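Given below, in the form of structure tokens, are the structures.
Shared between the two complexes below is chain A, which has chain B as its partner in the first and chain C in the second.
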Partner chain A sequence: MDTHPANAGPRPFLWHRTFMNILYYGTIVLCVFFFLLPLLWMLLNALKTPLQIVELPPKLFFMPTLANFENVFSSQNFLQYIYNSLIIAGGSTLLGLVLGLPAAFSIALHKQKKLAVFILVSRMVPGITFLLPLFIMFRNFRMVDTYTSLILSHLLVGLPFIVWVMVPFFESIPRDLMDAARVDGCNVFSTFIRIIIPISMPGVVTGGILSFIFSWNNFMFSIVLASNRTKTVPVAIFNFISYAQIDWGGLMAAAVTITVPVLVITILTQKYVIRGLTAGAVKG
Partner chain B sequence: MAKVELKNIEKIYEGNVRAVSNANVVIEDREFVVFVGPSGCGKSTTLRMIAGLEEISSGDLMIDEVLVNNLPPKDRNIAMVFQNYALYPHMSVYENMAFGLRIRKIPNDEIDRRVQDAARILSIQEYLRRKPRALSGGQRQRVAVGRAIVRNPKVFLFDEPLSNLDAKLRVQMRTEIAKLHNRLNATMIYVTHDQVEAMTMGDKIVVMKDGLIQQIGSPLLLYDHPCNRFVAGFIGSPPMNFLEGRLREEDGSLLVEGEGFKFVTADIHRDDLGKAPSPNVIVGIRPEHLRIAGSEEGESILNAHITVIEELGAEAHMYMSRRADDTENLISRVEQRHDYHIGESARFIPDMEHVRYFDADSGRALLGVIGPIRMSSRRSALSQDE
Partner chain C sequence: MRMGDWYDRNAFWLLPSGAVIFILMLMIYPLGYTIYNSFTDWSLTHGDKVNFVGFRNYLDIFFRDDRFWGSVGRTIYFTGLAMVVEVILGVLIAVLFDAKDFSGKRVARSIMLMAMMATPVAVAMVWLLIFEPTAGVLNYLFKSSGLEALLGGKQLWITDSSSVIPSLVLIDIWEWTPLIALIVIAGLATLSREPYESAMVDGATPFQIFFRITLPMIAPTIGVAALLRLIDCLKTFDIIYVMTMGGPGYSSETLNIYTYQMSFQYFNFGYASALLVVFLCLVLGISLLVTYLRRGLEL
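== the complex of A and B ==
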């Protein structure tokens, strides 16, 4: 019998490694399946006829149809809703960056930790707390169902997030760089615009994208503050639910339509987003 | 180019923390002045006050006879090289060097001429299109120097620019900065904690400790005539040896003796030592002024045993201790070949004319001091002893 340790050693090690690999990938598949199942369900139902949707047991293999998507764009003014969502999400993101970046820079530069906590708290308070005061305020200013009111209300979600992402980013920038810019002739504003922002682009992109996605997905502020003129896509999905019936096919097709842009943006920018979210976690 | 004057400059931070106290320095036009001292001595703070990056709490800062206390950095006509290079990572080397000129709205062709000239001086022409991250530490530091050169400033400020480089590159860059000073004929202020850098580069050295300027002078003046024990110990490598001793007169000679040694002071030192405030003194001997006695007899002898011998080829550093527990590290720089071994006892003879003396209490030099810090009234040690 071969009892030489050099020959006996690798076998248990190989088994151990194989077992760990199975455990590792098995866990990943389970997690992915758990999170992707609703998405898959939504996509499949969007491609089914109403009868196929309610069929039991549900079929995985069937003849797909685009009728639901046709219905979304023909029976509803869905392009207008997408346009509204783009204006509101884009506007609130842009305004969030314009206000949030200097705020985060100031917090990082002057170590205003209390202010940072205060901003973070406003993100943690449930959004519905702000909803009623905001509604009353905008109604008094006759601003309900305007882009402005929706952009401002969505700022409550995006702005703290941008500040939260950017503060560690700015804190990680060496102070010497700002001093060098001052010696080169910059004032605080030009240092911020010409040096700090270009260096912090991964953070700016991360904050911007996530703020856009939060705003795009926002339902609560939109359903209260928007009406026919400014209806956004998450609210428009509600059109498929009526008192008498629910148009599951249309609902799913609309849901797919509004999810696709968000998914595409996330996939294209995931490298930036991960780098942005982990900035400052490890000293470079 | 310019003359820089610091008049009673002070920096006091919140909580009454004094970083710099009463700094008075005159930096002449085209002079290379090095501020040196241990960490936290206030040298970088002083440089940052000259740059305008730090507010001056009190005192006057003059550049070319103009009070600049309240001028922002951009209006002081200075350029600064930072320890961490501080290159803009999103810009190419060319853009890094051109940035300061663009801010000042210099025409493009003039910018190009200046950048190309500086790149030629620093041999970085081939890197102009690269980003800083694609450069080595030494190349980055050249770019940082280039960024200062293109500005053609009145005063160059260097804040420990070589600290992040490896030993070999540091020596190389040291020479290059010295050459650059000769070539540009500019006023340069250089901060370092490395006394070798200070000695090799500076026309004038300002030694600082705990926010106070200890002494100002040429490298050799500080080496030969340190104003106090701190300067004597800080300047020079290997450092000066310090022995606690007591002055005593015997048969018409002035002796200083202590544990393991008895020296007869040199005649040229008698007058100064006669005015010492106390007979308790610290004797300072540079390693090169302490040689092995061998069989030679002498009036002044130090007995110690050898603890470590560092053979450097041309010379040897012999570490020794007068005590059995080896708790001290006296050093002798031995130039001749020897056959001594670790653990052996040996006799050493100091070159008494080069020995320095410091007051045991205040640490002040007892021999004629040249520098800004003068000793206050001295009482006669011998008369006090009587």
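== the complex of A and C ==
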């Protein structure tokens, strides 16, 4: 920012630009490192022995070991937890799309403002408001620790989100397209299924991926509603630290195991994920 | 009459009916049930006798519950601190990203996205290790760089009542600044280039350009991003619960954590329901107020 007016001239200006470039890229690199390091730290420590983890100064170069991963998968029912998470995230996403897509389409088509506000306000409501009564209800029906109760509770997050992403998407579809389908003898339902859904695939993918990830990451609903049979991976990891002695290596290995699928999906579908997360925030 | 016509005329309620039934059964009914419970003294620890107590729970919350007021204060402290830093940092990062095209931009954006999408419980675990007072890398860095004295001796991070909330806020900043940055980057990409060109011709400095042109144009987008963060910040649960469970003592117990403990630690369903109603009103009230304020300012 300092241009040193006393030295102003063509040559110092070049120095100034080099300095600004260093400052610019330096800041960017610093930012990127800030966001990357904790994740890198997780991976690094998952590959260390217990002794190496508590060693100071921390070693950046060492002989990596997969022992922590072997421990996690052999001593815990970790595969079962992953399976549970997949069933619950998959189920709630599928149900969210089945219920959410027609609702979003209807809101866009019939300009059902009140319904839209209704669904979107539920995005603001703290999840715990629903959690306590749902826990009591599921307990009365003996449904605690079943896939159904978990899928339904995760739907509380997924459904409003899918509607939130899809309404603007459906609104942007030209009306002529619908009218043309009408002339060809399609009713609202066949238009929706045969024409609207296929051309809305990017939106459907966006809503689906994010709803899946939110469910996979969900902790609060799962820790209350899941027990031995339906325990999801975040709950399983949380239970690791309840033991007196923290096994940092196992903990990091488990953390890596559940985070990697999410990060892989995120990176592969980056365009959609960003679009979904910024939906509604940016005009135009 | 053809079936198709019947479908067409009834599509307005048929299409959203599944979602509406779900919302009625799993959102509206539970909400009503909670409001009803909030007028009772139902507690699992006192057996199954449930008495109607009128507004007593609410009166207790507002006039006799220090733990409630403490948690309200901490919620505001946490949210305020996190929001201010995240918005400033997020906008700065976005402007930096937008200023130039450089190779690796995509990678840098991916990394920010990863911080945001990584499973919060896993994120909490690695920060537990980083914050670890004796074996943690953060204290090691402070010690070896001589900055330790600057921060006043031992850094206990989440194990000390005075530093626990700023430490948790640091994680929230790490996790959610990318959201603000990504939204603002998307917003910046839609801005028209004309004002910039004329400003360059007039010889405006980068600072003038940022404060006089960019910021006013991008303000609505920043507003929405901040609002989204506000709503979620007030409800922060995963990181706090996993790392401290509200401790040490009650020093990181926000409203969400307190309500959770009252519900699932003490099983004090009546009182917890009243807390939930208060919490809900607070979050909805603040969110709607900010939404209307924004709309008012924009007009």
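Following the convention adopted for this analysis, the second predicted complex is superposed on the first by the 241 of 284 C-alpha atoms of A that agree within 3 Å, B and C clash if a C-alpha of one lies under 4 Å from a C-alpha of the other, contacts with A are read in each partner's own complex, and residues count from 1 in each chain.
Basically, a contact is a pair of C-beta atoms (placed from the backbone, for glycine too) under 8 Å apart; a residue touches a chain by one contact, two chains touch by 3 or more.
Just so it is clear, the model here is predicted, and its values are computed rather than measured.
**Q** After lining both complexes up on chain A, report clash or fit for chain B versus chain C.
**A** fit
**Q** Looking at the overlay, does A:Asp184 come into contact with chain B only (first), chain C only (second), both, or neither?
**A** first
**Q** Just to be sure I read the superposition right, which of the two partners does A:Leu79 touch: chain B = first, chain C = second, or both, or neither?
**A** neither
**Q** For A:Phe34, using the defined touch cut-off, is the partner it touches chain B, chain C, both, or neither? Pick first, second, both or neither.
**A** In the superposition, A:Phe34 contacts chain C only.
**Q** Scan A:Val125 for contacts with chain B and chain C and give back first, second, both or neither.
**A** second
**Q** After lining up the shared chain so the two structures overlap, which partner does A:Asp176 touch, if you call chain B first and chain C second: first, second, both or neither?
**A** First partner only.
**Q** Hey, is it chain B or chain C that touches more of chain A?
**A** Touching more residues of chain A than the other partner does is C.
**Q** Under the stated touch criterion, which partner chain does A:Leu268 make contact with: chain B (first), chain C (second), both, or neither?
**A** Neither partner.
**Q** Does chain B (first) or chain C (second) touch A:Pro198, or do both, or does neither?
**A** Only chain B; A:Pro198 stays clear of chain C.
**Q** How far apart, in whole Å, are the nearest Cα atoms of chain B and chain C in the superposition?
**A** So the smallest C-alpha gap separating chain B from chain C comes to 6 Å.
**Q** For chain A, which residues belong to both interfaces, chain B and chain C?
**A** 185, 187, 190
**Q** Where on chain C does chain A make contact in their complex?
**A** Going through chain C, the ones touching chain A are 4-5, 7-8, 11-12, 14-16, 18-20, 22-23, 26-27, 29-31, 33-34, 37, 93, 96-97, 99-100, 102, 106, 108-123, 125-130, 134-135, 137, 140, 144, 174, 178-179, 182-183, 186-187, 190, 207, 220-221, 224-225, 228, 231, 234-235, 237-238, 241-242, 256, 259-260, 263-264, 269, 272-273, 276, 279-280, 283-284, 287.
**Q** So in the complex, which bits of chain B are touching chain A?
**A** Of all residues in chain B, those touching chain A are 48, 51-53, 72-74, 78-80, 82-84, 86-90, 99-100, 103-104, 147, 151.
**Q** For chain A, which residues count as touching chain C in their complex?
**A** Residue list for chain A touching chain C: 1, 24-25, 27-28, 31-32, 34-36, 38-39, 41-42, 45, 53-54, 56-58, 98-100, 102-103, 105-107, 109-110, 112, 115, 118-119, 121-137, 152-153, 155-156, 159, 163, 185, 187-190, 192, 213, 216-217, 219-220, 224, 233-235, 237-238, 241, 248, 251-252, 254-256, 258-259, 262-263, 266-267, 270, 273-274, 277-278, 280-284.
**Q** Which stretch or stretches of chain A touch chain B in the complex?
**A** Answer in residue numbers: 174, 176-177, 179-187, 190, 195, 198-199, 201.
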